[in-house]
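In the two assemblies presented below, chain A is common to both, partnered first by chain B and then by chain C.
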Partner chain A sequence: MNWKWLIRRLGFMLMVLAVAVILNFLIPRLMPGSAKQAYAGKLPEAVQVKIIARFGLDKSIWEQFVLYIQNTLKGDLGMSFSNHPNSVTYMIGNALPWTLFLLLTATIITVPLGYVFGVIAGWRAGSKTDTGIQIGSLSLLATPLFWIAMVLLYVFSAQLGWFPLRGAETAYSGYTGLKWVGDVLWHAVLPVLALMTLFGAYEMIMRNTMVTTLRENYIITAEAKGASENRVKYKHAARNALLPLITSVGIRFATIVGGSVFVENIFSYPGIGSLIFDAVISYDFPLLQGAFLIFSIVTVVVVFLLDLVYLRLDPRIRY
Partner chain B sequence: MKKRLVFSFCSIVLVLSMILGPLACGEPVDTTTYRLTAAVTDLHESSNPFLASGRGDIRIMSRIYEPLVVGSGGAAIPRLAESWSYDDSTMSWTFNLVQDAEWSDGEPLTAADVKYTLDTQYAGDYSGGGDSKEFVDTVTVVDDNTVKITVTEYASAFLDFLNSMYIVPKHIWEDVADIDTEANLAPVGSGPWLWDEYVPQSHVAFKKNPNYWGGTVNIDEMVLEIYGSQELALLALKTGQVDMVPTVELYSYIPQLLESTDVKVGVDRAANFYNFLFVDHREEPNNLPAFRQAVSMAINRQDIIDFALFTYGSIPRMVPLVPEAIASEDVDWPGLGMTDEARIDEANAMLDADSDFSDFVEGETRTYKGDPLNIEMTIVNRPADVQQAEIIRENMAEIGINVSLKLIGFGPMMGMMFGGGWDDWTWSTAGHGAGGSTLDGLAQEFGADPYNVWYDAPSLGWGEDGDGGGTTAARALQADLRQSRREDDPATLATLIEQIQVDFAAELPIIPLSQGNTIYAYRLDTFTGWAPQEEMDGQGSSGHLLGTINILALEPIAQ
Partner chain C sequence: MPLSGNRQFNDTDSRLSKSIRAIGPLFAWWPEYRKSKVGVIGLIMVGIFIFAIILAPYIATHDPTFKDRDFMWKAPSFSHFFGTTAQGKDVFSQLLHSGQISLMIGVAAAGAVTAMGTIIGLIAGYFGGIVDEILTRIADILLVLPRLPLMLVLAAYLGPGMSTIVFVVVILGWTRIARQVRAQVMSCKQHTYVERAKSIGAGNFHIIWNHILPNVAGVVIANFVLECVTVIMLEAGLSFLGFGDPLHQSWGMMLFNAQNEGAFLFGAWWQWLPPGACIAVLGIAFSFIGNTLNDRFVLRLKNIKGGA
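The block that comes next holds the complex of A and B.
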């Protein structure tokens, strides 16, 4: 890896973030109604005046945009309208760890699972095992994520009572150490399972690439040399078939981020997704902008990290 | 090998979470600690009592701070003020504070705190005390336990307004540099609960105030858990994960709750709230009484009660803001008792009679002065509100009006309606008027002033000049009403009330939809001594279960 590539890559990331910042500003303002209207009667007049001045809500859209960029560059994401006088940074600071925990746990579990099942299905393409796995994957892909989340909640929380109905941890439990870890994991099981529906996509990508790879001459060569089945499967075929899966993880991370809005709401999980939902309902522009910005940064950083993984996995690629 | 290790690790984490979790959480935190858990769906937004405005905020502030009086069963009952009186000759209210009340930091609560609170609320134009600031001239400390409030005009609802005036400690707040940016994350209050922990979007936890002046709290802790929906909150109650749901808004779930012998569903049919359809009178044809009457005629109120309120409600009187005790029985809904078909035909005929409206054609949207009648109806995203709105949308389609729904939160809805922020056709079913019983109580004590409610909704734009002040005739009628009350002239008062009802029926400045009952639910296997009583402070947020009267009565059942 050379420095020129790294600088170019970072420059590209900054450009993507710049576009995201602009969209973050525009999208909430495309909603019907306005924050100024929504809060006109809710806060005391003196406070309204301060907020309107601070965020320039009485200024033209261009002036508002300049103010927004200036404040964002200073790291000032503003004050939440609906959680006044709490700052957006405070609200996001509380929510972000939970969302990252959900997203990363789901991804870390789903990708290896997709990989393993994809390899098995691809290796035995056309067999009953392959058909079974394909039916499972397709079913997961075809079912809306929020529906799966609701079914999980209904069956395992409401009916069986195995898991809690809400939250990221038992409220006001006072748990510490391992007990707290166990409690958090217990609360995360269903939301993570709901987010794991992307398993189907990963498995199918891996399976299809595997089928193509298995027709390559070097696989026949490896078999002719007497390499063991597992060595051919994992060392020669799966490793070469892995690259499209890694690309897909980057692309689909944005999907899973969007999915977290539904999942967090269904499980009353106190993450960024829940914040976004409440902010939309409350016309809380600063909070929406802040939450979108954080999601954009997280997605861009994850894609960048996957670039590095790609580099590590494919010896042909040299930047 | 490495891949196997990664896969094994992930699998172990997943399996461990399924095993460790239940093991870790299967036992209570502390068997000697009694905790009351309530499921709420309103988010907490601000802990600053001057800025608290949403239902979630008021519900939490009401646990820590207290007003001088609270409303219950239509009458004011003592809280920080043990007694009060009004002197007509000096136009002043005198409040005698409870003896020995103190703040949670041990400082005494005095009349200086009351004066500081009222002066700061009014000077800062904060929302505490509602419209009381329109009437208050001066607040004077008579002695440590007595405060006098001189008013510019007698107002029948003055004590009602004070329900939301949370008295705060002067010695804490006078040192706050900027009240508007004070988060107040360690509140010092006088109520039965001490603020202990707040986790945004998750819960607010309280410890009991061991020195509460009003009596002994028998519960050690109270946790208000925030649920994403009423369905989940009620499910949590049914499965024993919480002890109470203070406000039940998902009526369709009530039969399931009733199946459980451990759950008690309370229905207070006297503590009503009204659902209204508010129309922006600044927009045509909303400003036409005939149009409003046609809309009203088309609405199937019985469907709203049957399918949105699941029978926990009733047809509202045509002038619901007139106290029951003095209401006329003669004025009733036009169209009540008619068949659906006849009612819709009548509503269509009312619109067809005006040449500005196009004639009704099945399946098509009518036009008014050439523009199609596409109306956006803004509603709060609560189940019953949405269900009512859907019924209204169907009814409107039957008279050629195309209604689309826009869902927003309760706070923005109130801001939009009462902040004058309407700039297009915006209808609302969110308006919860004062309960009939409250007005009954006020009527008995102070006389009625039903016109106040529709005069004090400036955003409606109702009136000749669109300024929300009503018509000249209505203003004159209100002046006469106040005069008759001052002169204690019941005969004139009754005549005027009759006139108001006739006038309201002709104008329909707002369209009453239904009268809903207040419903709450709690478990019987964790606490005993439940004494639900209507206790309104703030925006009526205490309801029946979280109020101090019930809290002091509760005794934990040893498990």
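The block that comes next holds the complex of A and C.
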């Protein structure tokens, strides 16, 4: 186990989280108009007084920062403007499992797909198969996610009626056990399918690293010593091209959490993406910033888990 | 008359070849590029789009802002090629005019993103040391932070508008290009010609401009084209969420309006299908070009005949 490397990565993750927290504090205070105005501008006098006290908006910037850090560490992200009595933490807590379910399912399905197609395309770069796969993934990547979601919803739910129109489960159905699981899966098919268009990104990365890996001397050596095509392809080339793919999965994850904003909105899925969408429309700053923070935490955790995978796979780091 | 051969003996011929040599570098990419069918198709598609968008006032059949109260949510017909919106505006004419905004923002913001990424990448890669350390760290952090939610937080405080969208896209989008340029600079810094230039006393700016930049140009250009795709989609997404400029309607704005006017619920597919398809087709065309440039001039797959 390479503890030094692991601790350095852990330090980096903490740094990312610190930046997210600091940005959340700074952005409202650096923008035109005061934070006081943004937080309490349109509300009645009595509420304004309370909000100013809650955020310490009449104190110095350092006292505000200390108060902000204290509240954040306690898990208090403030009150939602648009759903007033509810705290941001409560709303996000309810929505998070649904979003994680969608994002992780989509990622777990698409990464192996991207790997396989990338190996096939990269092995014979320039062949008809390669061209076909490239055109497919480029097209998927260049199409707006929310529009794909709209088309899927229109064709398969509205027209054909194969899948439900909205939500994550049938409302008031009272399903329990396996029936509930089936219901949830049935509702998740189209949103996951929409998110799966990101498969193109993994395929492209895998293919491009395959192309450069295949020029390495150890590939020629492997071929020269008479290794079979599949052995060269998977054991020698793809094994090494896999490492950049794993790094990119983490970075891509930071992008697909953004995709969930559109997909969840189109399918009225009760996740954080829908919360963000509503927060944007109603200028619900605390909710928006809370969602950003949660997404940062989720991404950092995913990236760190992938680091552990990386550690298993890359002997240069393992020892 | 063959241009090659004893051209130095013929006066007119040599003038001709000189002018060809002068514009030569501008088209030096073409013989290699044209081998890719997909790349050529991409160029033709973008060409058609630019042509249609520039000639929008002449091609458009209606005034895109005119609300025809007798034609609300009419399905596509000969008088309205793509039907009308809930307010009776002609979708086809709107598409052409909105294309101007989408393409303009896309190319301008992608240019700004590329410029910023290239400069940062050049500085980090060339100077190395503590500067490189700091810039790389910032880029790493920005890559892991969820981009869209952060953009939304920024945009929500800045308020809707075109400048907000461009600002947000540029300030958070330079990392990918910067990383690639940096990697390229690091490798060509090792070459002997850089050392030679240094030893005869060339300044840093001279070396970057004359010896490093030409070597990273391939990466920069390929990434600029690919960045256009990203930016056009981001613009569409941000506009769809309501951050667009109501006075300058882009394709994303059309989708936003379609959603707001309930076109989706009422089955008026002609209002939301075409703008999305336009974004997709333009994006696909750009990525065909970008990917071809990447294959030919960055990855240098010389032996490919067809290929994407």
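Here is the rule we use: the second predicted complex is superposed on the first by the 267 of 319 C-alpha atoms of A that agree within 3 Å, B and C clash if a C-alpha of one lies under 4 Å from a C-alpha of the other, contacts with A are read in each partner's own complex, and residues count from 1 in each chain.
FYI, contacts are C-beta pairs under 8 Å (C-beta built on N, C-alpha and C of every residue); 3 or more make two chains touch, one makes a residue touch a chain.
Here the structure is a predicted model, which is why all the values come from computation and not from measurement.
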{"item": "First (chain B), second (chain C), both or neither touched by A:282", "value": "first"}
{"item": "Partner chain in contact with A:243 - chain B first, chain C second, else both or neither", "value": "neither"}
{"item": "Partner chain in contact with A:125 - chain B first, chain C second, else both or neither", "value": "second"}
{"item": "Which of chain B and chain C A:67 touches, first, second, both or neither", "value": "neither"}
{"item": "Partner chain in contact with A:104 - chain B first, chain C second, else both or neither", "value": "neither"}
{"item": "First (chain B), second (chain C), both or neither touched by A:91", "value": "first"}
{"item": "Partner chain(s) touched by A:158 [first = chain B, second = chain C, both, neither]", "value": "both"}
{"item": "Which of chain B and chain C A:311 touches, first, second, both or neither", "value": "neither"}
{"item": "Touched partner set for A:212, first chain B, second chain C, both or neither", "value": "second"}
{"item": "Where chain A meets both chain C and chain B, residue numbers", "value": "32, 38, 158, 281, 283"}
{"item": "Complex contacts: residues of chain A adjacent to chain B", "value": "32-34, 36-47, 50, 82-86, 91, 94-95, 105, 108-109, 112-113, 115-116, 153, 157-158, 161-175, 178-183, 185-189, 192, 234, 265-268, 270, 274-275, 278, 281-283"}
{"item": "Chain A partner contacts - residues on chain C that touch it in the complex", "value": "38, 137, 140-141, 143-154, 156-158, 229, 233, 236-237, 240-243, 252, 255, 264, 267, 269, 272-273, 276-277, 279-280, 283-284, 286-288, 291, 294-295, 299, 301, 303-308"}
{"item": "Residue ranges of chain B in contact with chain A within the complex", "value": "3, 6-7, 10, 13-14, 16-18, 20-25, 29, 35, 37, 43, 45-46, 48, 50-51, 53-54, 124-127, 180-183, 196-197, 199-203, 205, 221, 223, 225-229, 232, 235-236, 239, 241, 376, 381, 406-409, 411-412, 414-423, 459"}
{"item": "Sites on chain A touched by chain C in the complex", "value": "12, 15-16, 19-20, 23-24, 27-28, 31-32, 38, 125-128, 130-131, 134-135, 138-139, 141-147, 150-151, 154, 158, 208, 211-212, 250-251, 254-255, 257-259, 261-262, 276-277, 279-281, 283, 285, 288-289, 291-292, 295-296, 299-300, 303"}
